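For reference, the structures are reproduced in the following blocks.
One chain, subunit A, appears in both complexes that follow, with subunit B as partner in the first and subunit C in the second.
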Partner chain A sequence: MAMLKMEEWYDLARETNWTPSYVTEDELFPLPMSNNFDIPVSTWESFDEPYKVSYRDYVKSQRDKDVGAYSVKAALARSDFFKKASPHWKALLALHFSAVCWAEFHSASAFGRMTRFSRSPGMRNMATFGTLDEIRHGQIQIYFAYEFLKHDGVFDWCHKSSKTENWIIISLRHALDDIAHTRDATSAAIMLNMGLEQSFTNLQFVALSADAAKCGDHSFATMLQSIQTDEARHAQIGEPMVRIMCENGKKAEAQQLVEIAFWRMWKQFSALSGIGMDYYTPLEHRENSLKDFMDEWVIGQFGRTIEALGLDLPWYWDYLQYDISTFHHAQQIGVYVYRATQWWRPIACVSPAEREWLESKYPGWNETYGKCWDVVIENIRNGDFEKTVPAPPPLICNMCGLEVSGIAGDHWKSVDHQVELDNRLYHFCSPVCKWIFEIEPSRYKGHASIIDRCFDGTIGTGPDDFYEYMGHSFAERGVDGYDYEWIDGYDTPQRAAE
Partner chain B sequence: MVDIPVACNIQGDYGFKVIVVDDEDTMTEVIRKATEQIVGVLVKQFPPDAKLIAKIHGADTPLPNTATVKGENFRQMEAIDIYQEG
Partner chain C sequence: MSVEPQGMKTWSKLATNKRRPSEYEIVTTNLQTRHRHREQAYELSPAPDLAMNQWYKENVFDSPLQHHDWEEFRDPDALIYRVYTRTQDVQEDYIDGLLDEHNEIDHDASLSAEWLDALERLYTPRRYVQSALQLGGAYLLQIAPASTITTCAGFQEGDELRWLSRTAYRTQELKNAHPTCGFGIKERTYWEDDPAWQGLRELLEKSLIAYDWGESFVAINLVAKPAADETLRELGAAGRHYGDHLLALLVDNQLRDSDRSRRWSAQLVGFCREVDGNTAVIDGWIEKWMPLARTAIESYCDALPESEGAAASAVARVEAFHRSLGLKD
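Take a look at the complex of A and B:
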């Protein structure tokens, strides 16, 4: 018997809405899990996914992707790539896998909520594939990451990190909990898809995959490609959702969801991928800076996408330009000088040649953030290694969980945005983090940053208490990835002067 | 004598650091405690004749160096900027 073509049965097969008779509509779709924003179900049913696929074709496609990625991995398994890789690339791999494996796996929960509680059958269908995607992404990445465990114990953190109270993990978890895991299905779909996948990960994985190939890490590159193609598909759930909201009088609500989610993910992207792009990528393979990437793909392409959907550019778009050129440079100093609080081996990435690159991409870098590095470098050259680690801890933003930072050096600019509430002073690294807090203080006010926990008695005052609280054994405290050998570049006075 | 955490940003540093001061400390003592821990670590030495002053972050005017933490009603995690006068 001849099979029908997909387009002949697809629309009918996904019409899975029905009128409940044993329970009420509200019981079937409780508000905390399924906000319809007062848009009738008949309108939600107009959701039409731009990327249609049958389950049969989905499974075949995913199987082919897995075969490709695992085949490359198997073929390269006996290579000495990892052993020969530079500390730059090893640091980037450790940072990527430890932050991404569990985040992807947890995303399956958010997509599962969309699958069950979305009002639109088309969206439920797409979210089903998204759920399966995220399970696969968690599994394939941790499988690839664990390949390196026999070489380097830091890859234990690819699984362990999400269970710890490490300060960077608290920061990332807080952001993902906010946009994906504590929102109703409609809001989570818009926030996760538009604020993370459409804007950042879909595009970032293309760039990172290209970098991996240039560095000779072909198994990582192939794995990223296999993930990116999934992201490109399920990230499109958000677009029809936003369009329906805008066309039915809910533009302001959609706008706010996108603005919160985008900013929360930008701060994570800035600190993690910004450091990855502008510092950890080996200089010989570094072409585009974070700023280049943001200008082209986010400010440009993502900006056009949201305007085409009927939204406005976020109110903080001008401030974003400032943040792109400043925030991650400050965070990189903090990640390095507080390196014992990281699970991987941080690297400074400020050799004379790297500084030249940073100055070319961020004019004025040497007069600003470079001034802090000058002091660190001088201490290392003098053998005063203890003086490369500040005794006092940094102030942490009560929204993004990253350092409250401004501009360093000759153009010093002290930045802190505050809210006083219930006799507690909250600090924020940006007006946008503060704005998000003020939208819904009851949602955020109970959270204590890692530094708040040091002063409210949660963390003990003994010398090892802080590390034990974060889940770090002594061996799991980060040290300079190059054992300070990068400082050799400064030992030739003429080169240093240049 | 009550310990109080204060967030300080010293001129030249990339961000705030949290130090513990005594509520009877004067601004001179607060500045000393902050600079001892950060100058020479992330910020280069100030000139020997430099006079450092502190102000509540966001305020227009600095605090007198004789003012105390208690006298200025510092809150927990009060944020101050420390910088060279002039």
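Take a look at the complex of A and C:
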């Protein structure tokens, strides 16, 4: 072959900046879409992606990947895997697919922002691949999810959830819109790639695909691994961006962007992946807990990455360690007891054997969150099902949109971090969510949480109004995925004793 | 007993379709979140407190181009990612073959000095055109009000990078064969200063700042891109007169991608025309942008050697494309 090697022509494809003269620079790269952070364009042009790929090689490798992934999908269609899957695994699949299909597709637009409004030609080309990748991730995942729809209508939410006002969807949209879709190209590149792709997608995709393989769901596992290879490539946009910021006197700005984005994504992954890993994954297939994965992949690996880039560990690193062991346990209680507000069938996952596992991974769990579950269990055993659903609405954080919780147990004290602004009281689940709000209140102050909407008249007061507002028909209100049969595990020893 | 779930035949939002949904519809519709609330496209403070919500409100919800349900738009090619990469991989194989064969026969050494001057001035600077069109596609996809439109624009952006890359590739080959020419060195200067390019540069720069999403679509996809593509077609035609069959074949292949852009763009125009008033809006924008396009085509084509009448032909083809949209019915 008399072909040029990629490195011979690649730099020419990155020499594409020009000086406009028929419009001004500010018109072509306006706020709020573009922000140079007062760093010269020539410096941004030095952006050098660590992993280089040509369009030619991109379409070839992506085609090959899809052949592999979709052949597994075809096998899935012929198997009766789903019929045999436990309610545990079904809940996990429904939660995952309903949250990620539109979220990933949405990211295509964030990469579009980076391409259109960045001054780094190399980054623009990488972000073009990022856009294509995210179209792929939306499409491949929703196609896999579609396979389950004929078995179970909850998977309709993989398609419809994007435009609903369900409280979990609002929470996820708020986080993603904050870090990726309402920021200038530079900030979005740093926040999306450092705060999400490089830190947490490993958690969702690598960890979950390992669990999936153990559960016999090889289609899910193969697809997740295939997605992760894309994420790992385009996530590399973040590092050179941070390096340029740090080397040009903008470390503090980069540090803040990473800290905001990382925390916002941590809250989402804590609730979604945390519940998925420590509760919904069938016990016999669980090895590592959320905490185990966080210690290895995030506290360890991501921490080293950001320090190597010249950033400091986030100021809240100690608080994060506390949150890793606590937040998602409280969220699991909330998701279960308010299960009618979920589109899938939540499961408790606190059988005696599961509690033993939780206690081993999170020493003290039985004396804290376990006490809360004791009350739920007692009510179910007494047939007082209505008592398992709290009458008062939860307090929802005005940043992450999740429940303000704290550590359950005899000394349960949930700490509501508050800010009063313009005669409105805002509630936060943590000092970090509050800190993010106070950095730029105008970004956040006009948003109403789902509970705020109940009180400001947005949502009616009729018995069905709340559900209709969220997009739930009566049949779409979550019920216990096991129809409470998991409680049998508590009856057996008692009967034996009797 | 665990709860027995009830299955569904298809997504509830597609259930009223008369036909069984295709894979395209299953995986491309309703995946966008931002087109819900006029003041609050994004889940943060409403406009005007959050600048991005203000931007979306002004440029999409308040655009002169209106439709009651943008999500109903469908790409006539029903193109999905896995078909896009498969199709383009085959096309790239073909391009690799072309480049390899012509390199083997020392094609670039056979080019005349007169034609090399034309390539240096009028071909290799085209990577800036591709870059501008890449930016245009990237804006459209991030602002479009439906996932089916975003997907079309995403593949179009990919195409622009494809030809940006191939132009860079050819630039390096020509530089290797003719190191004393300006290949790989003078492109930016030509693009910024040569009179042949100034019309296209003005058209592209100005269309890139048409931030209203509807006007952006018209300015880029119905005017600037077709105009740029028609100048490319004339360049390829001139190449044939100078024995540069490689360039002509590359241009032919690039225009295949552009044809796809025109197909979905025409479909979107037809979709918009279902709503009263949109025809006049689109027609008005075309009228507004065509003078710049005519100037752009003329200034470029007039510089092409062996190309008498090229500008008129190129303009006529852009106008024929506009007539095919049925706006003047």
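In this text, the second predicted complex is superposed on the first by the 488 of 498 C-alpha atoms of A that agree within 3 Å, B and C clash if a C-alpha of one lies under 4 Å from a C-alpha of the other, contacts with A are read in each partner's own complex, and residues count from 1 in each chain.
Methods note: a contact is a pair of C-beta atoms (placed from the backbone, for glycine too) under 8 Å apart; a residue touches a chain by one contact, two chains touch by 3 or more.
Computed from a predicted model, the values in this text were never measured in an experiment.
After the overlay on subunit A, what do you see for subunit B versus subunit C, clash or fit?
Superposition result for subunit B and subunit C: fit.
Which holds for A:Thr388: it touches subunit B only (first), subunit C only (second), both, or neither?
In the superposition, A:Thr388 touches subunit B alone.
State whether subunit B or subunit C is in contact with more residues of subunit A in the superposed arrangement.
Per-residue touch count on subunit A favours C.
In the overlaid three-chain picture, which partner chain does A:Lys291 touch, first (subunit B) or second (subunit C), both, or neither?
neither
Can A:Asp374 be said to touch subunit B (first), subunit C (second), both, or neither?
first
So, does A:Tyr482 touch the first partner subunit B, the second partner subunit C, both, or neither?
Once the two structures are laid over each other on A, A:Tyr482 reaches subunit C alone.
Could you say whether A:Arg119 touches subunit B, subunit C, both of them, or neither, answering first, second, both or neither?
Neither subunit B nor subunit C is touched by A:Arg119.
Of the partners subunit B and subunit C, which touch A:Leu132 in the superposed model: first, second, both, neither?
second
For A:Lys160, using the defined touch cut-off, is the partner it touches subunit B, subunit C, both, or neither? Pick first, second, both or neither.
second
Which partner chains sit in contact with A:Leu149 here, subunit B, subunit C, both or neither? Use first/second/both/neither.
A:Leu149 contacts subunit C only, not subunit B.
Applying the document's definition of touch, where does A:His427 land relative to subunit B and subunit C: first, second, both, or neither?
First partner only, subunit B.
Just to confirm the value: shortest Cα separation between subunit B and subunit C in the superposed three-chain model, in whole Å.
20
Could you tell me which stretches of subunit A are touched by subunit B in one complex and by subunit C in the other?
On subunit A, the subunit B and subunit C contacts do not overlap at all.
Quick one: in the complex, what on subunit A touches subunit C?
These residues of subunit A touch subunit C: 1-4, 8-10, 12-13, 15-16, 18-23, 27-28, 31-33, 54-56, 58-60, 62-63, 66, 70, 87, 90, 101-102, 105-106, 108-110, 112-113, 115-116, 121, 124-125, 127-128, 131-132, 135-136, 138-140, 142-143, 146, 149-156, 159-160, 162-163, 170, 173-174, 177-178, 181-183, 345, 442-447, 475, 479-483, 485.
For subunit A, which residues are in contact with subunit B within the complex?
329-330, 333-334, 337, 369, 371-372, 374-376, 379, 387-395, 403-410, 412, 414-416, 418, 420, 424-425, 427, 451-452, 454-455
If we count contacts the way the header does, which residues on subunit B are in touch with subunit A in the complex?
Touching subunit A: residues 5, 7-9, 11-19, 34, 37-38, 40-44, 57-58, 75-79, 81, 83 of subunit B.
Provide the residue numbers of subunit C that touch subunit A in the complex, in ascending order.
1-3, 5-13, 23, 26-34, 36, 40, 42-46, 49-53, 55, 80-82, 84-86, 88-89, 92, 95-96, 99-100, 103-104, 127-128, 130-131, 134-135, 138-139, 141-142, 147, 150-151, 154-155, 157-158, 161-162, 164-165, 168-169, 171-173, 176, 184, 187-188, 191-192, 201-202, 205-206, 208-209
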